[in-house]
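When the chains are written out, they are named A, B and C in that same order, and each has its own residue count from 1.
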Amino acid sequence: MIDALLEGLLLVLQWKAFAFMLLGIALGFWVGLLPGLGGVTTLALMLPFIYAMSPVEGFAFLLGMHSVVATTGDITSVLFGIPGEGTTAATILDGHAMAKKGQAGRALGAALASSLVGALVGALALALAIPVVRPLVLAFGSPELFMIAIVGIAFIASLSAQGARGMLRGFLAGGLGLMVATIGQDPQAGVARYTFDSLYLWSGLDLVPVLIGIFAIPEIVDLIVRGGSIAGEMPGGRLNQGALEGVKDTFRHFWLTIRCSLIGTFIGIMPGLGGAVAQWLAYGHAVQSARTVEEREGFGKGDVRGVLGPGAANNSKEGGALIPTVAFGVPGSSSMAILLGGFFLLGLVPGPDMLTTHLAVTFSMVWTIVLSNVITVVACFLFLNHLARLTVVRGHFLVPVILVLVFIGSYTANNHYGDVVLMLFFGVVGYLMVAGGWPRAPFVLGLVLGKIVENNLYISVARYEFAWLTRPIVLVLLALAVAVILYPLIQARRSRSRSNAHA
Amino acid sequence: MHSKASLILGAGIVLVSGAAIVIALDWPLKARLFPLAIGIPVFCMAMAEVLWGLLDPAARSEAMEFRLSDEAQGGVAVRRTLLAVAWMAGFSAAIVLLGFPSAIALLVLCYLRLQGREGWIVSGIFTLVVWALFYTVFDRLLHLPFPAGLVQGWLGL
Amino acid sequence: MRNALAFIAAFTLLAVAPRAGVAQPLSFEGKTITIVCGFKAGGGYDRTARILARHLPKYLPGTPNVIVQNMPGANSITAANHVYNVAKPDGLTIGTFNRNLVLAQLTNVRGVKFDQTKFAWIGSAASESTVLAIRSDLPYKTFDDLKKSGKTLVIGATGPGANTYDFPLLLKELLGVDLKIVSGYSSSSDIMLAIERKEVDARAGSYTSLRPFIDRNLVHPVIRAKAIEAGIEQLPVDENLAPNARARAVMALRSAPEVVGRPYVMTPGTPDDIVKAMRDAFSKAIKDPELVAEAKKGKMELEFMPGDEALRIVKEVLAQPKEIVDDFRKYIKFGE
């Protein structure tokens, strides 16, 4: 095992593999920054280039590219409030709020440092999990996946707004997300649901245009209304020392970062949940970690913990997602599905062999994730403070560029004008939600999880009838869901009685 | 603004979920079960939300999220919001009429000249840079299929 | 001024050239040919298109640039409508779509704005055979064992319209095999995982996609559809076991498009010489040793079927009598 670990490292450090990894990082860097141009598509486009490479070189290239996408995607989310990737939308809530307070540097520093911690934890988990991978993944069947999705939605819906009315709106937004997710052909009877005879709606709504619309449009409108720069009239002097402060924040809340990394790794391991889920659960956990109601109210207005959580989780999930890919030949996410194509091209058969005969290759992947994240984060820090200066650039230079990115970013989802219409429609919805004080996070999570909830419920009932409700992990998750809903209520009551006691 | 937006949203959800329930009733059981199981509670919650808003209009509820800035107030804010909408609508129209490449150049140039009141030289150079980047990445490298605009079609190009 | 004149002259030439071009030999020099793929990047259709795009230029006159554009949506009806109605018949646009589009046309799916028989057919780049593979730790070795066992077999499927669902559905409905189809898995790889944890017993799918798992002895194939691939010749074929002609016709109809597994067409009205040049280029490129080596690495099996033969199969499908089509519709819905 230790031998394989070292051998894996030496494999990556061969100059050719290392050079390909650097090339991959350079590509992934830009892909992450540009909204709409996703990591998945780019992986698919780059696949043909690996024919001539050896397995280690090929994976250094693909994984190097893939590992940094989530890191640099955070940068776009923080600076402009546009999700750089579908998997980095949660960083917007507090990251962009910090940028508007003139703390862009600190937010970026925190996002990058937590990304690094997340990647390391994910890689470590991958390395440690190798002996227990099979039983772990096999313990989670369709009923368990259904329950995880339910816990996730309950978690976010109950946490993202305050008071009874806030909770009502949280669940309403979550339910709306689930409803929107039913658009398209259903997988049971093949009925085209809510498509109104339009071909565009047939395959359901694409996540990226919806995310871009709901998050970016309100920010753009607000930027135009304010008329200044993103960071308003804040003094620019503080931007320069910000990044280091963000790194310190990561260590100030070190255990939170670690816990969120573990959440990300776990979601990554579960095939079928998809990469967009991890960030929101981590965000929910970060919010929940606030001890008092007053502390909790700071979230969404620029609490650094709201950056650390998703920042860590969306990088750690990659290590996790490699686990089922390597162990079963079954991809844990859509990007892993494309990596799987890479396995074949390189003459490797993913499956139990990867944990025995090809263990060194598997470890070389772990090392690639670690090294490429370290390199990206170090490289980013060199010009992080310059990036942060973008937030004090006059608005009228930024607005047209952001608008172009927003329109093209959504158009690239299906190369169809329908994507742009969809983006604008959800832009209006997003604007109304922001104006009315409704939380957007539960809506997004509902949309992401809608198909998973419906399908896994059907599968559970079709396969096990009602016996699935008695499975032990299902029961534990059910208890967790109830606790998650009750917790904020109890917390509110306790703090109220405490303040009464003070008075 | 606050309660008005909530009211529009709540009423919208009541209508949409109501329609969704009615539409779903025609489907076979397996297809309609889930939309109904979600749609009915959403409809009820939306009704509750709307009633709450009507009965107690003063009650505010904050999401833990960014709030629209209140630097600009009243008429100014409304006027600027409409301006923002107009820019986006104009850009959308330009995309349909002229196609993406020309519309992008037009937007950047017009925005800088009209909204930003920059000089022609600054506007021109900035437009050129943005357009060149767009063209290299999305057209040359990624071969995105940008449909030609309607105007080009009318001119027979 | 001279430049402007030259520009106008070149422009006029470009505009006139295709019409006056009968006399000159065909050349794509300096042009870009676009393969419009009806699916997102990364899938089987896309990978096939990209491997062809790399090797086609060598065999086309004037070695043009060949690129792939993804136009996903509505199971590639959107892309087919585009190539049929919007693209110009100048040989610079090739379409590759869902093989089941012919069934969408047959069953009058709304939104179909093309006639498959009117496309200028280049041909098909591969045939895709569907098999049913069952878990190797089950006591049944052959399809006969399965039928005789008297036990219900649980099948994992994605949804109606996909071969993971339609193929076992016909086995159940028309051959009377005792199957329970559990539908709703988000991808075929999720079904494989369900097989690993013994949530389901079997899955249907293209032989290509099941190969790695068959090689690993996780599952083994027991029955296949008509389209044939090396390695599964000896398996029983579903339609040969049909109890009557009607059942046989329905099964044959479902599997017919699989023979034209990766269809490649051009806009109706594309000049014959261009179509011929394309067919030649495809047939040569698919035999190109470099392409063969790459395809083998990618576990893809490419085999060219010329356009006239593909068109013949398409016409045969569309010529089915109304009773059979109505019957077919009862079971099969067009989908992914």
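Methods note: a contact is a pair of C-beta atoms (placed from the backbone, for glycine too) under 8 Å apart; a residue touches a chain by one contact, two chains touch by 3 or more.
Keep in mind it's a predicted model, so treat the numbers as computed, not measured.
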Q | Closest chain to the centre of mass proxy, which here is the mean CA position | A | A
Q.
Quick check: which two chains are joined by the most contacting C-beta pairs?
A. A-B
Q: Return the distance between the CA-based centres of chain B and chain C, expressed in whole Å.
A: 37
Q) Where the CA atoms of chain A average out and where those of chain B average out, how many Å apart are those spots? A) 23
**Q.** Mean-CA-position distance for chain C and chain A (Å)
**A.** 34
Q. By residue number and range, which residues of chain C touch two or more other chains?
A. 69, 71
Q: Scan chain B for residues touching two or more other chains and write them down.
A: 144-145
Q.
Residues of chain A that contact two or more other chains, please.
A. 45, 186, 188-189, 415, 454, 458
Q. Considering the complex alone, what residue numbers of chain B touch chain C?
A. 143-145
Q. In the complex formed with chain C, which residues of chain A make contact?
A. 40-41, 43-45, 47-48, 51, 137-138, 141-142, 185-190, 197-200, 202-203, 271-272, 324, 328-331, 334, 337-338, 340-341, 344-347, 349-352, 414-416, 418, 451-452, 454-456, 458-459, 462-463
Q | Contact set on chain A toward chain B in their complex | A | 34, 37, 45, 93, 96-97, 100, 159-163, 165-166, 168-169, 171-172, 175-176, 178-179, 182, 186, 188-189, 191, 193-194, 217-222, 224-227, 232, 287, 296-297, 299-301, 394, 396-397, 399-401, 403-404, 407-408, 411-412, 415, 417, 420, 424, 427, 429, 431-441, 453-454, 457-458
Q. Can you name the residues of chain C that touch chain A in the complex?
A. 40-42, 46-47, 50-51, 54, 69-75, 77-78, 81, 110-111, 154, 158-161, 180, 182-187, 189-190, 192-194, 196-197, 199-200, 212-213, 215-216, 294, 297-299, 333, 335-336
Q: Would you mind writing out the residues of chain B in touch with chain A in their complex?
A: 1-9, 12-13, 16-17, 20, 23-24, 27-28, 30-31, 34-35, 38-39, 41-42, 45-46, 48-49, 52, 59-69, 71-72, 77, 80-81, 83-85, 87-88, 91-92, 95-96, 100, 104, 107-108, 111-112, 115-116, 118, 126, 130, 134, 137-138, 142, 144-145, 147
